[in-house]
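There are structures below to look over.
The following pair of complexes shares a single chain, chain A, combined with chain B in the former and chain C in the latter.
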Partner chain A sequence: MGVIERDPHTGHGTTGHEWNGIKELNTAVPWPIWAFLIATVIFSVVWWILMPAWPLGDTYTKGLLGADVRQNVATDLKSAEEKRSIWASRIEKEELSAIMSDSELMQDIRETGHALFGDNCAACHGARAEGGPGYPKLTDSAWLWGQTPDAIFETIRAGVNSGHPDSRFSQMPAWGRDQMLDRKAIIDVSAFVKSLSDANKGGNGSPEQLAAGQKIFVDNCASCHGSDAHGAHQTGAPDLTDNTWLYGGDAASIYESIYNGRQGHMPAWESRLSNADRKILMIYLLDLGQNSP
Partner chain B sequence: MFQAHYKLERYSVGLVIAIIIAASIGGIVEIAPLFTIDQTVEEAPGMRVYTPLELAGRNIYVREGCYACHSQMIRTLRDEVERYGPYSLAVESQYDHPMLWGSKRTGPDLARIGGKYSDQWHVAHLENPRDVVPASIMPAYSFLARTQLRTDDLSMHLTALKKVGVPYTDSMIEKAVEDAYGQAAPFSALADGVVTRYGDATHIRAFDGDPGSVSEMDALVAYLQIIGRLTDAAHEQKSSGDAE
Partner chain C sequence: MISTLTDTERQIALVISGLLSLVGLVLSAAGRHDPLGAQGFIILAFGLSGVFLVISGFHLPEPTEKRFSHYYDEPIKAGIIIAMLWAIVAMFVGDWVAWLLAYPEMTFDAAWASFGRLRPIHTTGIIFGFGGNALIATSFHVMQRTSRTRLADQLSPWFVLGGYNLFCILAVTGYLMGVTQSKEYAEPEWYADIWLTIVWIAYFALYLRTLARRKEPHIYVSNWYYLAFVLVVAMLHIVNNLAMPVSLGSSKSYTVFAGVQDAMVQWWYGHNAVAFFLTSGFLGMLYYYLPKRAGRPIFSYRMSIIGFWGITFFYVWVGSHHLHYTALPQWVQTLGMTFSVMLLVPSWIAAANALLTLNGAWHKVRDDATLRFMMVAALFYGLATFEGSFLAIRPVNSLSHYTDWTVAHVHAGTLGWNSMIIFGAFYYLVPQLWKRERIYSPVLVEVHFWLAIAGIFIYVFAMWNSGVIQGLMWRTYNNSGTLAYSFIDSLNAMHPYYIARATGGLLFLMGAVIGFYNICMTIRSSPAAAKTRNEQPATIGQSRLRPGE
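What follows is the complex of A and B.
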C-alpha cells in the first residue's frame, strides 16, 4: 500500500498519485451502496437454492420450491376449467331449450361467448357479428348452411372449404372467366337475379332481357340455387330473392360474382376450440340472433 | 477485503488475468447453456422446413418490421394459452434464423395464426386492415399485392440456412425458384415438385387469389398460414399435459 495522504481541505484520503500537479481524492464508496450490493448477492444465493437456476448438462437444479412455469400454467388452466365447469358442464349435458331459458346460465354464456367470439370470430364476422363483404352477418335469418343449432354447430366445427375432412364444400363457378357463359348472357342473368329481390319485380332490365336471363338461370343456376332461387342449405347456395347480399347486390357486384365465381372460406375450429367452447359460441349466436332487432 | 484491489492494481499482469477471469464468468453464463442445446430443446421428428415461398414471406415479415408490433411467443400464462392456444416451445423456432419471438405486442401474438383465418381474410386485412377490423391501427400493406416477388436469390437464402443447420436438401436448394412459383400456382406442373420435396401437408394455393403470378402478398400470406404449423409438438405437449 502506498502512503496515505490526506487532502488538507476535505480531510479525505487521496489516491497518492499526482498528474501534472493534480491529485485525486479517494473517496470511499458510500455504505448504502455496499449494503445494497451485499443484499443482492445474498438474495441471489437464496434464489439459486429456492428456484430453478443452474444448468447441469441436459438438466438443471430444480430448486427447493419446485417451481415450474409449465406446471403452473397447467394447474391454472385446470382450476379455471373446474371453476367454469359448474355451469359449463350443464351446457354439455342439458337440452338447448333448458339452457336458453335459464337466465343466469345465459349470462355466463353471453360473457364467455363474447370473449370467445372476439378472440376468434370477430376478425371476419365483425365485433357485433354484423359481417362484411364476403363474411356473413350472423344475427339475421339468412344462414347459408342452415339456422338450426346442429347446423351452426357443425359449421363452426368443420368450417367451409376449410380442408377439414368433414368440411362443408361450396363453390360458385366462374361462369365468365371459365367461359361457360358469354358477357351478354351474364348481363342478362344478372338483371334477372337482381329483379328477384327487387320490390317492383321489374328491376332495370327489359322484359325480353329478363326472360332471356330466366332461361339462363333455369339452365345453369337452378341446380344449386333452386328453381325458385331460394338457395339450398345442402350446397350453401344463397337465397337470391332476399335482400341479403354477401358480396353486394348491385348490378356490378352480381356480374362480378357470376363472372369470377365465389368461394368463401371459413376455418374449421375443431382443433382450436373445445367442444364446450364451440357449443357456447353456437348458443351465443342463437341468442344474438334472437335479441337483434 | 475492500482494500484488495489496491494491491491488484499495482501488478499489471495480475490485473489483466483478473479482468479476463471476471469477463469470462459473464461469457460462460451466457454461452455454456448453448453447448447442451440439443438436449434441452424438445424433440419434433416430423418437423418440416419452410418452403422457399414461405421463407420469402418470412423475409418480407422481417423487412416490413412486423415483429415490432407482433410477437410470436405464447408465454406459459393462463390468459395467453386461453386466448392464443398452446404455449410456444423452443423446438418450434429451431429453423427460425433469426427467431421472431418479439417482445412487444401492439397487435396480437401470431404464434398460432396459421390456419386461424382464411387466405382471403389475410389479403383483405393486409390491403387495408380497417376493412375487416374497424378498430385496427395497423398500417396498410396494399403494395404487397402489386409487387412481384423477387425469387432469384431464394437458392442463396436456402443455402445460408442450410449452413446454420436447417435440413434443406440439394434438390430443394436447386429448385427453390421453381418451388416458389409452384406453391402459388396449384394447377401448374411445378406444384407437383413442391409436394414431392416438402410433403403432402404443404399448402399449395393461390394465396393472393391470383394464380397467374407470384406476388409478395402470396409469399407473406403463405408464411402467415404456416406459422405455428411446422410441427404439432406444442399441441401434443398440451394433450399429454391434460392426461396427467
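What follows is the complex of A and C.
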C-alpha cells in the first residue's frame, strides 16, 4: 500500500491511492445513510407483503390487502355511473321542453356538455363551436341538415358521409375536374353565386356573365340548392344566398368548390357516445345557439 | 489527424472507409424507392469522406515512438467541438418545438417541420449528439489520465467517434423523412442500430484494452461508472432494438416484442438509458472533474462503493414505473415503485459524496464559475433523483403521469445535471488540452452560468406549475359527476406556461452559444508560455505500483 496521509481539512485518512492528483478519503459512511437505506428497504418489504409484488411461476404474490387495480377501476366507474344516473336517467326519459325548463338539469347539461363537446367535437368545430374552414359553425342559424332537435340528434347519431348505415349523404360534384362544365361556365356560375349574397346584387360580374351564370345554375345546381338557391336540408345543400360560407365565399373559394366539388365528413357517434351523452350534446348545442348573439 | 496514425492503421482505416462506402452504395441502390436510399447516400458520402481523408494523409511520415510519452488527445478535442455543435443544433430544435407547442401553426404545413419529427431530433441530438459525444470525449480523457497510459491505439478512438456520429446523423436525417421505430429514445431504424452495435463494441473493447495497459494498481471510480455505462447501454440497445426489417431495401422494421411485453422492454430500455447513459456515464465525469477542479480528495471511498453498486443494482428494476396504471400487471408496477424508492439512497450518496468533496473548497466554488457549474450539477442530480423516486410512487404518478411535470423532471435532470456537468468539464478541459493558460473569457463563463441557471429555473418552474395544473384539471369532477374540463381546456390553460418554458429554453440556448464562442476563442488564442504543466503517461517500465499490491 502507498503512504496513508491525513487530509488536513477533515482530519480523515486517505486510501493511499492517487490518480493523476485525485486522492480519496477513507471516511466512514455516515450513519444517516445506513438509517435511510434501512428505512427504504423496510418500506419496500412492507409494501411487498401488503401488495401484489413478486412473480411465482405463472402467478404472483397477491399481498395481504387484496388490492387489485382492475377491480378498483370497475368500482370507481360504477360509483361514478350511479352518481350520474340520478340526473342522466331523467335526460333519457323526459321530454325536451321539460328538461330545458329545469334550470338545475340544464346546469348539469351545460357542465357535462362542455367537456363532452371539448373532447369529441372541438377538434373540428372549435372549442366554442365557432367552426372553421370546412367545419360548420354550430351557434348560428345556418344548419345544413336542419336545426330541429330531432335533426341535430340524428346528425350526431349517424354522421355525414360516415359509413354508418343511416348516414346522411351529401356530395357536391366536381363539375370541373369531372368535365361536366368548362372553365368559362364555372367562372360564370361562380360570379352568379357570388352575386346572390352580394348586397349590390351585381358582384364583380358583368350583366351578361351573370345571365349566363344563372342559366348554368338553373340547369345544373338548382336540383340540390333549389331554384331560389336557398339550399335544402334533405340533401344538406347549403343556402347560397346568405353570408355563411363553409368553404369560403371569395371568388377563388367558390370556383374551387365548383371545380373540385366538396365531400364533407362527420363521424357517426352512435357507437362512441351513449344515447344520453348524444342527447346532452344536442341540448347543449340548442342551448348554445339560444344564448349566442 | 491522419499523421498520428501508424501505416498499418492508415491501411485499416482505408479498408473500413471503403467497406462503409460499399455498404452505403448497396443500401442506396436497394432502397431507391424508400427513404433508405437517401440514408444510403449519407453512409456513402461519409465513407468516401473517410477514404479521401486517409488518402490525403497517407504518405505523411509515420509517428515515432515518442508518441508514447504523450496522451492521445486529438480525438478528445474533436469530440468536444462536435459535442458543442450538437448542443447548439439540438437546443435550437428543442426551443423551436417548445414554441411550436405554444403556437402549433408554426409548421409551415410541411411534414418535416411537424412536432412528431422535430421532437426526436431534439431528444436524439441532445442525449446522443451532445451527451454521447461529451461522454466519449471525457471518457477518452479520464481513462488515459487515471490509468496513466495512452489510448490502446490511434485508430479505434476515431472509429468510435466518427462511427458514433454517423449513427447520430442517420438518426436525425431519418426523422426528417419520417423514418422511426416509434420507440422513445430508440427511434433509429434497424440499419442505424446495427451500425451503432458495431461502433459500441469497438468502444467497449478500446476501453478494456486501455484499462488493461494501466500503470495504476487500482481502477478509479470514474472508470467503473464509464464501464457500466458502455456495457449496460450495449445490452439495452441490442435487446430493445431486436426487430425484423421488412426487406433489405426498406427502412421499416417490426419489433419482435408485442403488446405489454413490448411496452415493458421499451421502458426497461428507456429508463435505463436515463440510468446508464445520463447517470452512470455522467457520474464518471463528475467523479473526475469535480475533485480535480476543486483540488480536494473524494470525501469517501466507501460511499463511492455503495453508491456505485446501489445505483447499478437498483436502477435495472425500475423501468416499470413508467407504466403505472396501465395493462402491465400490478406486481411489476409494485416492484418498479419500491426499487425506485430504494434507489434514492445510492443516488443521494453519489450526490452527497460530490458535494462533501467540496468541503474546504467552497471559496473556490464562489470564485470559479467552472467549479460552480459542477457543484450545481451535483445539486440538480440530487434534486432530480429525489423527484424521480417521488414520481415513481403510484398515487403521485397518477397525478403526474402524462403531464408536463414529467417534462419538468426530465429537464431538471438534463439541463441542471447533464448539461451543467458537461459545461463544467469542457471549461476545465479546453484550456488544458489546447495548452492555453486559461479560458478566453472568464467573464463569459460567468454569463453562461447565470443564463443557464435563469433558463433552468424559468423552464422547470413553468413546467412544474403547468404539470400540476394539467394533472388536476384532468381529474377534477364537477357536481354533476362528470369531468369538469375537456382536454382542450387544459391545453388552453397551458399556453402561458408554454411561452415561459420556451423563453427559459432560449436563455439556456443563448448560454450554450456563448459557451461555444468562448471555447472557440480559447482555441484560437495563442498558446500559453512554457509555464503550463504537461500531463504525461507513465513511460514503459515506470509503473509505480503493480496491480494487486
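Keep this in mind: the second predicted complex is superposed on the first by the 263 of 293 C-alpha atoms of A that agree within 3 Å, B and C clash if a C-alpha of one lies under 4 Å from a C-alpha of the other, contacts with A are read in each partner's own complex, and residues count from 1 in each chain.
Note that contacts are C-beta pairs under 8 Å (C-beta built on N, C-alpha and C of every residue); 3 or more make two chains touch, one makes a residue touch a chain.
None of the values given here were measured: they were computed from a predicted structure.
Q: I'd like to know which partner A:155 touches here: chain B for first, chain C for second, both or neither.
A: In the superposed model, A:155 contacts neither chain B nor chain C.
Q: Counting only touches as set out at the top, which of chain B and chain C does A:167 meet: first, second, both, neither?
A: Once the two structures are laid over each other on A, A:167 reaches no partner at all.
Q: Looking at chain A, does chain B or chain C touch a larger number of its residues?
A: C
Q: Tell me which partner A:55 touches in the superposition: chain B (first), chain C (second), both or neither.
A: both
Q: So, A:119: does it touch chain B (first), chain C (second), both, or neither?
A: It touches chain B and chain C both.
Q: Is A:244 in contact with chain B, with chain C, with both, or with neither (first, second, both, neither)?
A: A:244 sits against neither chain B nor chain C.
Q: May I ask you to decide whether A:132 touches chain B, chain C, both, or neither, giving the answer as first, second, both or neither?
A: first
Q: Considering only touches as defined above, state whether A:76 meets chain B (first), chain C (second), both or neither.
A: Touch status of A:76: first partner only.
Q: Just chain B (first), just chain C (second), both, or neither: which does A:267 touch?
A: first
Q: For chain A, what residues appear in both contact lists, the one with chain B and the one with chain C?
A: In the superposed arrangement, which is not itself an observed complex, chain A uses residues 1-2, 55, 69, 80, 119, 122-123, 127 for both chain B and chain C.
Q: With touch defined as at the start, can you tell me which chain A residues reach chain C in the complex?
A: 1-2, 7, 9-10, 14-15, 17, 19-29, 33, 36-37, 40-41, 43-44, 47-48, 51-55, 60-61, 63, 67-69, 80, 83-84, 86-87, 107-108, 111-112, 114-119, 122-123, 127
Q: What does chain B use to touch chain A in their complex?
A: 2-3, 6-7, 32-33, 36, 39-40, 76-78, 81-83, 85, 87, 112, 115-121, 124-125, 131-135, 235, 241-242, 244
Q: Show which residues of chain C lie in contact with chain A when the two form their complex.
A: 145-146, 148, 216-218, 220-221, 288, 291-292, 296-304, 306, 310, 325, 329-331, 334-335, 337-339, 341-342, 344-345, 348-349, 352, 359-360, 477-489, 492, 535, 545, 549
Q: So in the complex, the part of chain A that touches chain B is made up of which residues?
A: 1-2, 34, 55, 57-58, 69-70, 72-74, 76-77, 80, 119-120, 122-124, 126-127, 132-135, 264-267, 271-272
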